[in-house]
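I've put the structures underneath this note.
In what comes next, chain A is part of two complexes: it sits with chain B in the first one and with chain C in the second one.
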Partner chain A sequence: MMEKRSQSFYFLAFFFIVFVLFLYGPVLTIGILSFQGPKGGLTFPMNGVSLHWFYDLFEEQAVGDFWGAFRRSFILGLMVMVTTVILSVMGGLAFRNKFNGSNFLFYLVISSLVIPSILISLGVGLIFNILDFEVHWSTSGFGAQLTWTLPFGLLIMFAVFNRFDSAYEEAARDLGASWWQTIRYVVLPIIAPSLIGVALFGFTLSYDEFARTLLTSGSRNTLPLEIFGMTTNVTTPVLYALGTMTTIFSLLIILTFLLITYVFGQRNRRQTSDAGKAIL
Partner chain B sequence: MDPEQFCSGFRYKRDRTSIMKTGKSEVVAKAAQKLSWFLVLPLVLILAFFLILPLVTIGIVSFWDYNEWNFFPAFIFDNYHYVFTSHVTLATYLKTLKFTVLTWFFCVTIGFTVAYFLAFHVRSLKWQIALFLLCTIPFWTSNIIRMISWIPFLGRNGIANSILLEMGIIEAPLEWLLFSDFAVVLAFVHLYALFMVVPIFNTMMRIDKSLIEAAHDAGASGFQILTNIIIPLTKPGIMIGSIFVITLVMGDFITVRFMSGGQSASVGRIISNEIALLQYPAAAANAVVLLSVVIFMVAIMLRFVDIRKEL
Partner chain C sequence: MSMARSKHLELIKTTKLYGDVKAVDAIDLTIDEGKYVCILGPSGCGKSSLLRMVAGHEVTSSGDIILANKNITDFPPTKRGTAMMFQNYALFPHLTVQDNIAFPLKMSGMEKAARYKQVDILLERVQLKSLHDRKPDQLSGGQQQRVALARAMITNPQILLLDEPLSALDPFLRTKIRAELKQLQRDLGISFLHVTHSQDEALALSDLVVVMNEGRIEQAATAKDVFNAPANEFVARFIGGHNIIETDNGKAAIRVDRVHLGRKSYASLPVSIQEIEFLGARVCIKVIDENGREFSVDMTDEMFFAHSFEIGASSFLSWEKEDVHQLAA
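Up next is the complex of A and B:
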């Protein structure tokens, strides 16, 4: 396979680079524009360089309840993340053998993924309305978001368990481990790196969710709702500053998760490195 | 995966203790069933309350009546009658389909090309993972921000217009770049191309490389390998990506609203407008029709792919 690069490689590589520019270009642009001078507008040219619009973020009048919205989104993201990880692992374990209704449940999970978000939003909003419950981001919003994050988590867990070598479990059981001990000391440590992936999905999908929280978050907005509200009435680069801040925050979260995965991988490699050496 | 393996532990334990009993495998199977049900119970409850119940409620409310400030129980077909007789409905569905088809086409083309490059032209696994991550990172950032970020690019005085003016390709700034159907499709492709890259890349990575070498040795050209081996074997991935892209675009209301500057319609926008006007029963009827259309489309696509095999 290590022959000389063909012409198609260079063409495809070029295509890939253009695609990456297409993905990142616009976000980088607003990243630059958020450093506009105080008199700058929403487009180039830059009218000086300043941190003016970032300072504006800290003033209530300029951006509304941005920090409150950020705090709510962050807490909600953590709630959704923890729930998604736990329920996905449980679901993944359960789905390893057929049980009555497992097929139906599987397709229910798939439909949860393909049903337009606005329908969930509308439906949950209607239920709370009819039952005269108050919609709140931590109850109705939380549940509505789970219908989006749980399918992702479960599908990842299905993929993980499809590749899981059950010889490890059998070995544990042969040594007298109980069901719970097998899960706790054998299965969970092996699948732990994938759980970080599930957690990343759970948090970011919740943190960025818009449609499902639209009618279910109540009077206090989550961050995406707050930002969308701003697009209609804020016409200064403070919008970009906000975009840059939240994107940097997202990137930090992603980086953290990737680092944890990396550290896990390194540690596993070290711990297992002497396993076969004695025999060799 | 062998489902039996999962409960073999129970069987083994029981085998020792109840070795003389008859019908023990039934008991074991029942215990495994119980355990599975116990494990999925929270999931079932959440889906029951936040997925099934909302959809049932939408179904019921679609027959209810409403006035300017309230909606109340009734059993009328007016909401559906309006959906099916309004000339807006058909036009909106056609428009939504147009967005869907265009977005799907560009996503498949881009997704396949990018995945193909990553899977077959990048040679080390390390680089494959790194470049794949590079493609997926934007997926974990905010869609709203990613939409907003097109403003300085496409606006009247935006980068695209400035460059085109500078190069002398156009003489006056193009007005249709931002707040137009073009912008809507562009944003859709920008947001959802990843949903195509990921599953296609996933299936491509499973293609046995020796198949390609064999074809190569048998004298197949690169193009023949592509059309006779890679594309057929990648179909499941393309289908899964298509399910994502099509359902996301069909149900969208926010991208269309924002990128068209409120000028373009979509089915999702009709629903969200009716919600804003508190006409819940009307929105519910529209939602039922949209749901039927989406489920119909997904059901067709699911005939071509067994999702459980692809995970």
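Up next is the complex of A and C:
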């Protein structure tokens, strides 16, 4: 016989269902509406089902340049990802030793998570204007996004190095490895799985960043800005098709990273397992 | 010539300071070639700091470390001719057994084929050939330890430094690996410097036991001498197996298996039995005298069953004059 559930179970279950609906409802709605028939509008009811708006996405658009925006966002995401991984690892290594002012420096870095994004965006844009630099997604936009991804990356690396046994490095040195060899052949391979996490974080945070890019991307939009712009101009479900495509793209990116992790794990196992050899 | 050779590792006023704290306090120690030496002491006595200074993983604050007639005090770890086996072995988790052992060769730029050839010889020696492509987490504790040993040995060290090498193993395996370590040391003929807090380990393994406390050496002697003739009260208490008594000349130690219960002789003391522990071949009895001082008596099971000792019963504790070992103040 089933044990009787407590009242709190029903309350929390209800809360959870509402939460899930709130989280995935909008995405699903947009997903469904993107299959709107050629004569359909921006809202329900569905006027037939078609892939019309997806085709339309690949046609010349009257307003908006979302392929250009997508390309910029993708490149910017990669730039941010690589920079975040490299600087986070270096920062993580640096912070393993207490140095003068390390606490102050830490808070200085972390504080950019607390300052409202839009203010950072405004500030970066302003400084570029004052210094007479061109405001461009690959310069000011890139920097503004790093103020967001670097603290995250650094925090992850703190967690990683907290668990890292420094006996590995001592052993490496004992066995004749130079400083760089220790990093290259011991530290990096051991923390590699965590770096995939940092990379994924860096890319996705950049890819969907809105506020920090708003006033720093210059005359050319990144994808989130482009989509936002389109919500006021575009009156057809092509907007939803775009939303669905970018969501699928994000999922593909995550899937790719998971696949990389999986393949790494498999390769390791294949290299090492000789289970069953004795039977043959 | 032979004099110089036999004095292998020499510590001269070797000191480690952490701020104002003397973790290792001006230690002098000479270790002959091919000896198994255990540094024994409670945690925080400075034994690990001492080992790490010899290994070069800790800067020596003052004093010298001489190995094979070379002053290696300020040499980097690789140039010292030492190799260290870490407490939890520190095997690289992402490398196979083979690549772990080949690591030092790879770092020195040796080619893969040549590396593996050397590794094979060592794998044969530690009987791990069939496991060469396993990762450390697929090995048992004993196997991991042998890989760590092989990895340390491939650099052809003149002395092997072992930091609590058996503490990660379960008690059953510990005794077995302990015997393997001793045999390996005999086969290789190089000195092993082994840090431990276990008295049993030190007594079972050592040609020389170095008992440390508060950064200083309390006694450095053979296992037999440390046990039979502890230099002072600390050594007697730490090594265990002794009762400490007050005599006219100060404190003295008597082995717990050299005191007798229920029989009057040279000195006898009325006591009452507090506790009886049956340990198989031996029985350990705790007794207390009129002044509340505790003593331990260790006897054979035969002796125990020949008498009818019971908890709470009164008896006499006695010992022979020649079994009283006077301790330094």
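Rule of thumb we're sticking to: the second predicted complex is superposed on the first by the 242 of 280 C-alpha atoms of A that agree within 3 Å, B and C clash if a C-alpha of one lies under 4 Å from a C-alpha of the other, contacts with A are read in each partner's own complex, and residues count from 1 in each chain.
By our rule, a residue touches a chain if its C-beta (ideal position, glycine included) is under 8 Å from a C-beta of that chain, and two chains touch if they have at least 3 such contacts.
For clarity, every value in this text was computed on a predicted model and none was experimentally measured.
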Contact breadth on chain A, by residue count: chain C or chain B: B
Chain B versus chain C as contact partner of A:Tyr185, first or second or both or neither: second
Touching partner for A:Phe16 - first (chain B), second (chain C), both, neither: first
Partner chain in contact with A:Val109 - chain B first, chain C second, else both or neither: first
Which superposed partner A:Leu215 touches (first chain B, second chain C, both, neither): first
Partner chain in contact with A:Gly229 - chain B first, chain C second, else both or neither: neither
Touched partner set for A:Ala144, first chain B, second chain C, both or neither: first
Touching partner for A:Thr204 - first (chain B), second (chain C), both, neither: first
Which of chain B and chain C A:Asn100 touches, first, second, both or neither: first
First (chain B), second (chain C), both or neither touched by A:Glu170: both
Contact residues of chain A, present in both the chain B and the chain C interface: 170, 173
Complex interface listing, chain C residues touching chain A: 55-57, 76-78, 83-84, 86-88, 90, 92-96, 103-104, 106-108, 130, 133-135, 138, 151-152, 155
Contacting residues of chain A [partner chain C, same complex]: 165, 167-168, 170-178, 181, 185-186, 189-190, 192, 268, 271-274
Residues of chain A that touch chain B when the two form their complex: 1-2, 6, 8-9, 12-13, 15-16, 19-20, 22-27, 29-30, 33, 42-44, 87, 90-91, 93-100, 102, 105-106, 108-120, 122-127, 129-130, 143-144, 146-147, 150, 154-155, 158-159, 161-162, 164, 166, 169-170, 173, 179, 182, 200, 204, 207-208, 210-211, 214-215, 223-224, 227-228, 231, 239-240, 243, 246-247, 250-251, 253-254, 258
Residue numbers on chain B that touch chain A, as the complex places them: 1-10, 12-13, 32-33, 35-40, 42-44, 46-47, 49-55, 57-58, 61, 110, 113-114, 116-118, 121, 123, 131, 133-135, 137-138, 140-146, 148-153, 155, 157-159, 162, 190, 193, 209, 213, 222, 243-244, 247, 250-254, 258, 268, 271-272, 275, 280, 283-284, 287, 290-291, 294-295, 298, 302, 307-308, 311
